[in-house]
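Consider the two complexes below, in which subunit A is the common component and subunit B and subunit C are the respective partners.
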Partner chain A sequence: MSGAKSTGLARAAELYSVRGQRARELKQEGKKIFGYFCCYPPIEIMTALDIVPVRILGNMDEPITIADGYLPPVMCVFCRSAFDIGMKKSYDYFDGFVGAHACDGAERTALIWTNYIKTPCNFHLDIPHTAHNSAVDFFKQQIAYFQQAVEKFIGQKISPEALKDAVARHNRQRALVRDLYDLRKPDPPLISGSEMLQVLIALMCIPVEEGNVLLEEVIQEVRERPNVQAKKSRLLIWGSLIDNTAFTDLIESSGLNIVVEDTAIGTRPFWHDIEETQDPLDGIAEHYLKEVLCPRTFRDSGPSYQEDSEMRFGYLKEFAKYWKVDGVFANIIRNCDVHGYEVPVIKDYFAGLGLPVLVIEQDYSTAALETLRTRFQAFAETIG
Partner chain B sequence: MEKKEFKTKKSAKTLQTAREAGYFGKKMLTSALEAQKEGRPIGWSMVTWWEGDLIAKAMGMELVYPENYGAFCAAVRRAEPYLEIADAEGYPNTLCGYARNCIGYTKTLADNNLEVPADAPGGGLAKPVLLISSGAACDARYKWFQALGRYLNGVPVWTLEMPQTGLKEFYLPGNKEKNLAFILEELKEFVGFLEKLLGNKMDYDRLEEMLAQTLKTLRLAYEVDVLRKTVPSPMVSQDFWSVMIPHLYLPEDPEAYEFYQKVYDEVKTKVDNHIGAIPNERYRMMFSELPPWHSIGFFDDIAEKFGIAMVIESWNYHAIKPMPAEELEGVTDPLEVIARLSYHKFTEDNDTARRYDASPGFFNARYLQWAEDYRADGFLAHPLMSCRPATYTLLHTKNSLEEKLKVPGVVIDGDIIDLRVFNPDEAFSKMEAFVETMDHYRELRRKAEMAW
Partner chain C sequence: MFFAGLDIGSTITKVVIKNEKKICATVIKPTGAEHRRLAHKVMEDALSKAGVPFEDVDYIIATGYGRINVPFADRQVTEITCHMRGVNWLFPAVKTIIDIGGQDSKGIKVENGKLVNFIMNDKCAAGTGRFLEIIAGVLGVKLEEIGELSLKSTRPSDISNMCTVFAEQEALLRLSEGTPVEDILAGIHKANASRIHSMVKKIKIEPEVAITGGGAKNRGLCKALEEKVGFPVVVPPEPLITGALGAALIAGEQIAKIDKEELQERQKKRRLEAVTFFDDESTKAR
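And now, the complex of A and B:
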């Protein structure tokens, strides 16, 4: 790739479209590359050992064929797709594989993965279901095991200073991502949902320092360029992740501007900084279990339905206000239970804020996308 | 999906005791309704593999199990209206069938001022003061109860923790003890929570009694499993799916223990007299995971026609293997015994998984062990439209059995609630073809000088 030459959004677009390319180059240079599932494995630990963490995603363009013999069709299609392209050697450059008990689908896929796709180092990270204090302690221990496993593989210990430094670099990335999100506040936003997605996915395929440079370039470029976006209704996306611009393009060409996405590739990994604690693992455990706001974590129930909803989704009210949202798209990848069970409560909650919600269950396939266009167009008309 | 009339097909069951087991399902529902009349607190609980139930019951709660109620509503053909309500409420129809049944039911309960509707199947589920969720094995089992907040405004949900580390990680130095310590810590929290909610103190003597009885019942249920290794098989899945209710839901009930003594005696008599559950046993098969409740009679048909005995089944419904003595040595705190007991359910097959290099240990490795122990000729995988967690590992298990033990598998689609997914004619033809596959693999095992 002519990666070194392009910068900013163009560079993000390149990294997005040939996702393993940069990691493969780095591997040639002697770096170790680890793949990880979901937004829960602490990437700071990998960074501290100079390992490049690469987020495992699926491929909406690729028909699922091989996975049919391993993962049944009732499983989340995203997981099946990730496994399918894994079997097709898309991730054959990994030196390590980190599975996680994020949701059933991701957990079982990761556990089955290691039977068929071999990598020199494997770790499966358990994640408790609650955010109780003892759960945070337990999670910290599991992260410590993860750290030991990676240290053993690399043959080097992580000093507390190195870990603190990695935390600081990733926090810097989080702050930069939030700065970029701020540029979606104007109407029309200064950066489109598709461009944003390219940047965020690019960050998940390269070392943190490169990502931070990229973000600085992108922020500067977006601030300085003339705004070419048209004024449209402003959309918040909540739910299962979106990892293909074909989807965001479809939405944005249907009369909507995506301004914020509460998903596993959107705000969730970036919205909160890891606190600098004396033992860095305390801050890391707290952050991932308590502050990554995915409905896979059970938060203690409130004294009434309304208060419970407020406790769980209050941040969405802030998002809606801050980005002056007109409507919400609840994106459910078919068979995604952790989001599926939330659909009526999410609708209730946004209805309380006067915001309409479009719920779509989709099959994680670009081939099936076009059929959704009329639904987005109709929604845009309703809220426009 | 094409809507067609579906006939349920009950099984004749081969054991007399299996025919009597329905008593326990009814007992659970009526006890809760009586408790409601008497003003005693009622909890709705997921199957927690004894982790939460004993504690809640020792605190004076009467428990009912909406998962079981889902199976009941499906069996009496009353689930459909509830599923339609859940759909109308906006829940994706891909969610767990039991959950959708329960959501629909709970909406009718809420619409009726939280009084059980007069026409509710089996007398209905009385209004709970608490929902006991479990994170073990399935996300639905806490997301579903959380979702009920829309209808049971303010009824608290408690989510029990069950660590699920990977296989290799389970063996990391100290990890098992740390997992147990975490469960124990959480159980203490749970007790504190219950004491506050119910306004009374935990009766530890009662808990110990219940626990002792539970361990006895589980051991006896396990002994029955052991007897089933005999050829010809003295008991088949059609029987097990009835007799499992007491050990899964009511193991602390002395009546459950007495019942298992009868089951044991009946099965033992058959073993001693070389009487097979089916008269013409030619093929021994394993079944995974949740059965088509409405069509258990299908297994009678394949027994009669092909001589197929379903000799062992449904890992998740089975009693645990007794814990090694050292596991409980010096353990006096009943909460710790419970932690160890429930954790054992999810980790007892890790050694097998390691031996076969086939993870995960739960839902999967047991079938490798069972194939050897029960001399299995085949594996029937039953993927369910609406219970994903019980379906995720099926193809992987099928692959492992074929590859590692030359035991072939057949896949027959079905569902726990939606009767239309299971096509008995198609299933029957599949089994007809599969018989030849089993013959072929038998030959392969013989050539490889395997034990069966």
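And now, the complex of A and C:
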């Protein structure tokens, strides 16, 4: 980075706004950089080999101009955007590309990606759609294949100690993120949704140790600064990810404070630690399949609709309680089926908790954001 | 004490000036591309109609999609809350409001004078005034006459497509087949009502139901909606002003919450002029 190094939130804002920059620098220094789709590929495997894992995201500011020639418009617009900016060389510094069968959109995009965007090392991770024990066993085997493929590419084996160490460092990151989430419990929260988003995306573009230093700086800064937030209604976001502060700014300038987000750039990758098991792959497989709670995975269900909802969404009740949530925004990126299909049940569940839900299916485009302002403002007026 | 509500809609701008007892003046004017420069002119009209000097207005609320362009407003409130308040004042028994505006349509739920839920369509012209404008143009009938004309139909034609562009094609096709204009219009109104109804149904339509906005001035559309809803609906005497009226009512409530000194301070700072954050030359509509 440039001469005088910024720290804390300022550093997070930099990393957020020029996302590939740190990875490009590290590549210059000889490090290998791997891009990965969604929050299911185990980044611990990459960290254990000193590879920098970089999360592949789209760009809401960039109109989709190339991807539509390759991916149909019925596909999730986030996936199409990610592929579009991939074709425009946003990710041309990757040494490896890890696709995953997370949802149908991510899978098709990954296959097209390997065909048209050439990366030295490619791997497609098969992730089962259930979380039964046999599925976990199967998934563990897939992770082992992934590990072998990466080891072969780097020309070095991962020792059990190195993997355990990587797990410990990522667990540390998860714990720090949860500490930061705690600072959103006061009213008003000590950190805004936009600042939080900058920090979380920054973490996904840098090595884990740098991320942990950043988190410690941010936590200290947020604790010590005077609270800059205004008191507003407290919002939980559930659903498709948000990866642009233009969106969170719009929400927070419409009379709402974002206090917790159950999304793939929110709590999901960070909420549970990986258990330290004798064979580290056991803990890793269990964690990703059972504890990363994207509805792309079908979970054990109860004998009735109510019990089923309770088993699947009980954690949201906890979020609502401890973060003192006033209302819920169900964010659906257009054609994000896994979240779109859950809307009726999620509305029912929150209604049962007495929480109003605002459902918006949006086009993943900053140009189309302003028309949503009236909905957020009216929602704030409803719950305020 | 006087308070004002300005509702700058996509198509029409409405102003209501009120005191504690009654509505003192209402103004309804086309919004136009120059609305950023003209909000204060419409306000001036309303003030002179009411015979109230600007300095005597204690609180002003702006609403509608142009609400950010009213620099002399004390506060902005969405048109959803404002319509709710306006209708609730006129018809306290109303629980469901269907607002059919120029560029969007909305469903609004009221409980004990509070906004509890809403739904809106602002991505597509289907189910909005714009749709009716386009069809009126295609059929060569004045917009304000299409509703009445549609009521003369004995055999409403089927219009299956609700995309404005394709519905326009269908209407043309029916014309070429020799279908009477009133039957095509009846079909169009039925299709439009069905589209609006299926959207508002999502937030549960409970009686009483009120229809507001420009769409409420179209008797054919109201009748088609009434048939869909299954029971009679109420239409305010001037369905265009419920948003501005609600804004004025909320303005009245706000005054009670602010102490006198702050109110005077606000009044002193207030200037009846156009927004200044636009570069006047480059943003002028041509």
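Descriptive notes on the structure:
Just so we're on the same page, the second predicted complex is superposed on the first by the 381 of 384 C-alpha atoms of A that agree within 3 Å, B and C clash if a C-alpha of one lies under 4 Å from a C-alpha of the other, contacts with A are read in each partner's own complex, and residues count from 1 in each chain.
Here is the rule we go by: contacts are C-beta pairs under 8 Å (C-beta built on N, C-alpha and C of every residue); 3 or more make two chains touch, one makes a residue touch a chain.
Please read all numbers here as calculations on a predicted model, not as lab measurements.
With both structures placed on the common chain, the touch criterion links A:Ala246 to neither subunit B nor subunit C. In the superposition on chain A, A:Pro344 contacts subunit B only, with no contact to subunit C. Contacts of A:Ala13 after superposition on the shared chain: neither subunit B nor subunit C is touched.
When the two complexes are overlaid on their common chain A, residue A:Thr114 makes contact with subunit B while staying clear of subunit C.
In the superposition on chain A, A:His132 makes contact with subunit B only, not with subunit C. In the overlay built on the shared chain, the residue A:Val213 is in contact with neither subunit B nor subunit C. Contacts of A:Leu293 after superposition on the shared chain: neither subunit B nor subunit C is touched.
After overlaying the two complexes on the shared chain, residue contacts for A:Asp308 are found with subunit B alone; subunit C is out of touch. Those residues of subunit B whose C-beta lies close enough to touch subunit A in the complex are 89-92, 94-96, 99, 133, 135, 137-140, 142-144, 146-147, 149-150, 153-154, 156-157, 159, 161, 163-169, 172, 175, 178-179, 182, 185-186, 189, 358-360, 383-386, 388-389, 391-396, 399-400. Taken in their complex, subunit C has these residues touching subunit A: 65, 76-81, 115-118, 120, 122-123. Interface of subunit A with subunit B (complex): residues 69-75, 99, 101, 103-105, 107-109, 111-112, 114-115, 122-124, 126, 128-130, 132, 134-135, 137-138, 141-142, 145, 148, 295-296, 298, 301, 303-305, 308-309, 332, 334-335, 337-338, 340-345, 347-348, 359, 361. Contact residues on subunit A toward subunit C in their complex (touch as defined above): 356, 371, 374-375, 377-378, 381-382.
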